[in-house]
Amino acid sequence: MRGKEQDLQQQKIKEQTAKAQAVIERTAKAQAAKEQTAKEQDSEEIVCLDKIKISLKEREKRFCAVHGVSFSLFRGRTLGIIGESGCGKTLLCHALLDLLEKDKWEVEGRVCWNPGFSVRDVGMIVQNPASAFDPRMKLSGHFREMAGVLGLSRRKITEEALSLLYRTGIRDPKRVLDSYAFALSGGMLQRVMISLALLGKPKLLIADEPTTALDITTQWEILELLGELKQEYGISILLVSHDLKVIQSMAEDICVMYAGYVVEQGPAEEVLTAPLHPYTRGLLASRPSYSKTQIQAMEGCPPGIRDWILGCPFAPRCGYTRETCHKDCPPLCNWGKENTGKVHRVRCFLAGKGERT
Amino acid sequence: MKKRKMKMTAALLAAAALLVSGCGAGQTKTDADVDRQVEASLSAYGQEAANVPEDEQQAANGQEAAGQSEVHAEAGGQEAAQEDVLVLAYPKDLGDMNPHIMASPMYAQDWVYDGLTALVNGEIVPELAESWEISGDGKQYSFHLREGVKFSDGSDLTADLVRKNIQDVIDNKDGYTFLQCLEEIESMDVPDKTTLVMHLAHPCNSLLSDLSFNRPLVIAGEAAFPESGNIYQDGVKKPIGTGMWTVEEYVQDQYTLFARNPYYWGEKPAFSYVRVEVIPEIETVVNALKAGEIDMYIDVNDGLSADVYRELEGLGFSVDMAEGTQVTSLSLNTAGEILGDVSVRQALSWATDNTVISEMVYGGLQKPASSYFADSISLAQTGAGRYNYQPEKAVWLLEEAGWKLEEGRDYRTKNGAELEVDMLYDTVFKNGKTIGLVLQEQYKNVGVKLNICEEDSQIFRKKWKEGDFGMILYSSWGGSYEPFATLAAMRTNGDKFSTVQKGMENKEELDQVMNHALRETDEEKLREDFAYIMDSFFEQAVYIPLTVSSTLAVYNSSLEGLDLEGGKDVMPVGSVKRKQ
Amino acid sequence: MKNYLQRKLLGMLPLLFLVSAAAFALVRLMPGDAATAYLNAMNAPITEAALHKVQKDLGLDKPVVVQYGIWLKQALSLDFGLSYMTKRPVIDELMLGFYYTAVLTGSAVVWIIVFSLPLGIMAGRRPGSFMDQFIRAMTFLGSSIPSFWLGFLLVEFFSLRLKLLPVQGAGTLKNILLPSITLACSYLAMYTKMLRGGIVEHSGGTYVLYARARGLKRRTILWRHILPNALNPVLTSLGLSLGSMLSGAVIVENVFAWPGMGRVIVRAVAGRDYPVIQGYILVIAAVYIVLNLGVDILCAMLNQRIFTEEET
Amino acid sequence: MIHRILEDKICRFCLVFLLIFTCAALFAPWIAPNDPNEIHYTARFAKISWKFPLGADYMGRCILSRLLYGARLSLGSAAGITIASSVSGTILGMISGYLGGRFDRIFMGVCDAVRAFPGMVIVLVFVGILGTGLLSLCLGMMATRWVWYTKVARNLTRAERKKEAVLASVMAGSRMAGILSHLIFPAIRMPILAIATLQFGTALTALAGYSFLGFGAAPPSPEWGMMIQDGRSFISTNPSMLFWPGLCILMVVIAANILGDRIQEISEQVRK
């Protein structure tokens, strides 16, 4: 008995290491792919968020949760938004699809879809898939009810569903379709959700913490899958996560958010290799890696939505503040070498001066 | 906004659909159920009236033939002749219609069955017996039956059948200790088809009146007898009688449809159907009248209050009232531990002001009564005095008896015990509560506490039998029960009436006098007996007469011809017809 | 599924047994022995001989346990003996009333559904809105009116003033309306509230958000996702209510002279008609238990999770 | 927790409302203009006047006075029922939930049995045993009502039982009574209170209903349900006899319902 279990254990471990190996290779591949895509400058813009400002309504009071965020999403590219939980990432996604309850949230700024694109072209994946499905409706139902939205026949839908499910790595799509959400594992459900999202042939896929609720190995599988799909269908992805590794493995552009502010924004390689904002550095520093001997975690925690912020929101946790930081909020100003077309923005008075002091 | 409206309407429509379907189902079921009931009832009371031999129809005179054809016509659906149905209400269900048991409502037994004699305006008149002779010594009665009387199933009335019925009651006479004649009848013989001769042990004053009761000495048809021939024990097979009406259709707890008896020997009723709805609550009855769901309500249970009576009169209903022979009175438990004391009983008698009851409760519709028996009972009209309202006398008597009123107390006490009396009455006697309230007030003034105990009929009778009460409120039987049957019931080991008198000091003597009175043929001696009886009732304050009951009737003004006078029938609807 | 049913059914038996025992005991506690009651009901004189005869006939001379055994055995074949008062088999008496009470209760349930569904939805769609507050107030009012009082008012208004509906009796659709509405009224508030709560709760669920993210219309989401989930508790408690309605209809029946079980039982208790009382208690309890079993199963069918949990 | 109820506007309103009625009941002898049972032969159906602020009934008795004294009976017995059944039910439920195991299972079975009984009949049976009267009514109603508290208390207790604090003190070997009263009860009292408040309303209506059926207090005691029954015959001629007692019941019950409802909400908020 026992022996068997141990065998199983070891086998698992082997598999995992193998997976990790594969992943590493894949990330390398992805890197290559990124460079490749980065080459083609003139990738078309799908949607651009212009100074989106989301604030929580409480009677007369307004609490600003997202401060004037603006970025664009380009065809076939992946934008990764990273930030601690509660920094307004998810809100942003919801605002993009305008899912926010009008009587609870106030959204200012514009979400302007470029011609030929609309909300309809967006698929979404939410975190912990277990609760994302109606417990008393079979998964097939979830697919079928899309018929109305997509204007397809139910049979068509079902066929599509089956093929997609298979594509997303579910070996027995029929059984899955015929079962209830609570009967399946998180990984499975995530796959189902992805195929559900793909059903509408989206041009943009919003993945809000797609891997958070999953265990480590399935995480990678899902990411892998996403990568492949991206290649395959040429969709662009808005990847939201608090996990740097995830972002790192997927994103071509990165946007770092803190307490509702975008603190740093730019091409992945730049942001990751030459971070300008102390917060980003902090994140990178706190990331585990083979090379590191020890991980430095950041002290303190981000301000809540209701806290009154004067000056730079990160100032309280920042290592190199000056009094200006505490007085007024730094603007998000361009930075970076003009030679690459990609602008690199940062919200810090001492941007890049970090090393000097 | 518009959207929401749409949603609402959609929801409501769906709901409506649901409702319809739901009730629809209920509806169909209901009908089905009723049908089932009907079949059941019909199978129970199989109506042979519809298939009578041809020749008999010939024999029957034109009128009867008409009635006959009507039965045929109506047998299909009564709805067709809604006009021809008179709708009444009665608080209780029909029951098993056993002619020899006092369980079913009196009106129904009166409608369906006839006795040998009947009582009209205090006079014994012939009913099924056309005439009778009494031998000189009063020990032999020979009855000559009416010619050509048929039961509702078409069979003939024979002297044999009459004897069979009477014999059945005699065999079970334990239940009827108030029917002296059952004791006296030694034998009956039937010289011919229409003559019945009774041989008595002693003369029996009550025989003729006993025979006029609408139960138990009534004559049921052959078809009514079970195999054992013992209706009393084994129940009635079919309620077949010679009466004016026959049970056509019976749905338990809902209604009974009576059809005109095509063979009725007397004058045919104007309506060919009477439908009696079972409505327990008097308030509902009144509403039903107002809503026109019932045509007429004849109040035989003293359930209708004067206020309502007047209100209905004001609303344009025809009303009728007849002073009855029943007397509503209080019977004080002479064997009770508090009322055992005669002075307390007298005190209560002095403290009772029945004029107030007549005014407050009956709004003057019922006159104050002077004695336990109605004035129409001449025998009972002896010189016996009466208690009129004199509370101070009551107070004095109570003080004498040792019931003192302590400071700060509402009620008198005697060595710690409070002076309280339970007043028991039957729940169908709706005015009992109001009477109780008035009495409570009056007795409180003299420091006596009265508890009002309303009990269901069953329990009421039980408690009465077992003497488990302070005083009992009820209406005397009246009619042909007075005076003899009542006397018989008052004797020791008689009916429940006797328990009241248990405690009277001269009870033995009283019993003898009563027994004597039941057999005494000499007018003078009889009067003496009654004088003695009434005097001892008075002296020992056994009964407190309250009011002389009167039968009220309220009916739709489109009807006419109701005659409550005479009191032959309990609910005399025979003469009622629609105005032209 | 199968073993779930089995467990439920098995769990029912001891319950029924308990109830029957209690019913038997309760009625034995009544004052005055059955024999005299019987004779009184017979309207026959109470003599020693008669008493002995009756005790033999009714098996009252045997020890109580034996009596219970006999009674239970007969009860299982739906034979509760003869009614003391009417001499008819108890089961007939009961079934007669039961049918009408069932119709009344059934239509009351229909009303509950008819009203609480739209009201609950309207209130739950926009919690805190004027509509919500208004409905809430109304339902509170409805649930607080004493049913008989309401009954009188309805009769006075609809039957006597407007002459639209009959005052009393049973049989036609018109007869059912007033009583059933009166009966339903007191339960409306509860269900409206329950439904509203459910809708509000589930509207915040992730799957609703996700459904909207997939571009489903709000209405579809409401009817396809939110409502079915919100209705679950409603169903469960509807079973409970049905039971209490069956026995609670007594007052309404009294007001509208409805020939239901209420009339039978009130009469029986007033007249100490033991067999009828026992039968009534047992029948109602059994119906109640069975109803709830049915509801459990129904819910289980609607909500597969139960089974899967049963199996695991 | 209690202070949260007192802070809440609605709750405060309802409480004040109920308080008024309670006071009216308590001080009836001083407020009432007349003796509730005194019959004024001349004043039958008297209209509203200074002597009879709400008019007089069919026996010429002052309706207001009867209402005031009736409040003592109706409210008193309703409160009695509620308190008795809630206390007993809660205690039993807590014990059963605390002990768990076989005892719990059996006890819950019993509860289900009791619940399956038609409450109406139990009351009627009690009336049959003890004779008509408020007391037998109250007992009969208690006999079935405690179960509802038991169920809730038991389930809540089972939930609490798993909490660290409780487990710790169990480990520490403190006595059951102590744990129940100090740790568990405070946590579960709010829902219980809510139920009790709601049940008070239903109890009041039920009581009225029974006396309406004629199983209630003996005349002339001015129990509200009986007053309604008395007024029944006069609904069209003298509606006030029916109207006022009905209104009283209605108002009290509404107040109780709203209060209970609110308490429930608050307790839910607290639990979150």
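In this document, chain identifiers A, B, C and D correspond to the written order of the chains, with residue numbering beginning at 1 in each.
Keep this in mind: a residue touches a chain if its C-beta (ideal position, glycine included) is under 8 Å from a C-beta of that chain, and two chains touch if they have at least 3 such contacts.
For clarity, every value in this text was computed on a predicted model and none was experimentally measured.
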From subunit C, the most remote chain by mean C-alpha position: A
Which of B-D and B-C has more C-beta pairs touching across its chains: B-C
By mean Cα position, the chain sitting nearest the middle: C
Centroid spacing, where centroids are CA-atom means, of subunit B and subunit D in whole angstrom: 43
Distance between the centres, which are taken as Cα means, of subunit C and subunit B, whole angstrom: 38
Distance between chain centroids, defined by C-alpha means - subunit A, subunit C (Å): 55
Centre-of-Cα separation between subunit D and subunit C, whole angstrom: 22
Contacts with two or more other chains, residues of subunit D listed in rising order: 232, 235-236
Multi-chain contact sites of subunit C, meaning residues that touch two or more partners: 160, 254, 272
Which pairs of chains touch, using the document's own definition: A-C, B-C, B-D, C-D
Residue ranges of subunit C touching subunit D (in the complex, touch as defined): 14-15, 18-19, 22, 26-27, 29-31, 140-141, 143-149, 152, 156, 160, 186, 189, 193, 243-244, 246-248, 250-251, 254, 262, 265-266, 269, 272, 277, 280-281, 284-285, 288-289
Residues of subunit D defined as touching subunit C within the complex: 109-110, 112-113, 116-122, 124-125, 127-129, 201, 205, 208-209, 212-213, 225, 228, 232, 235-236, 242, 246, 249-250, 253-254, 257-258, 261
Sites on subunit C touched by subunit B in the complex: 32, 36-37, 40-41, 43-47, 85-87, 96-97, 99, 103, 106-107, 109-111, 113-115, 117-118, 121-122, 125, 155, 159-160, 163, 166-173, 176, 219, 254-257, 259, 263-264, 267, 270-273
Complex contacts: residues of subunit A adjacent to subunit C: 94, 97, 99, 119-120, 124, 126, 128, 131-137, 145-146, 148-149, 180, 182-183, 193, 196-197, 200
Subunit A-facing residues of subunit C, complex: 205-207, 209-217, 220, 224-225, 228-229, 232, 302-305, 308
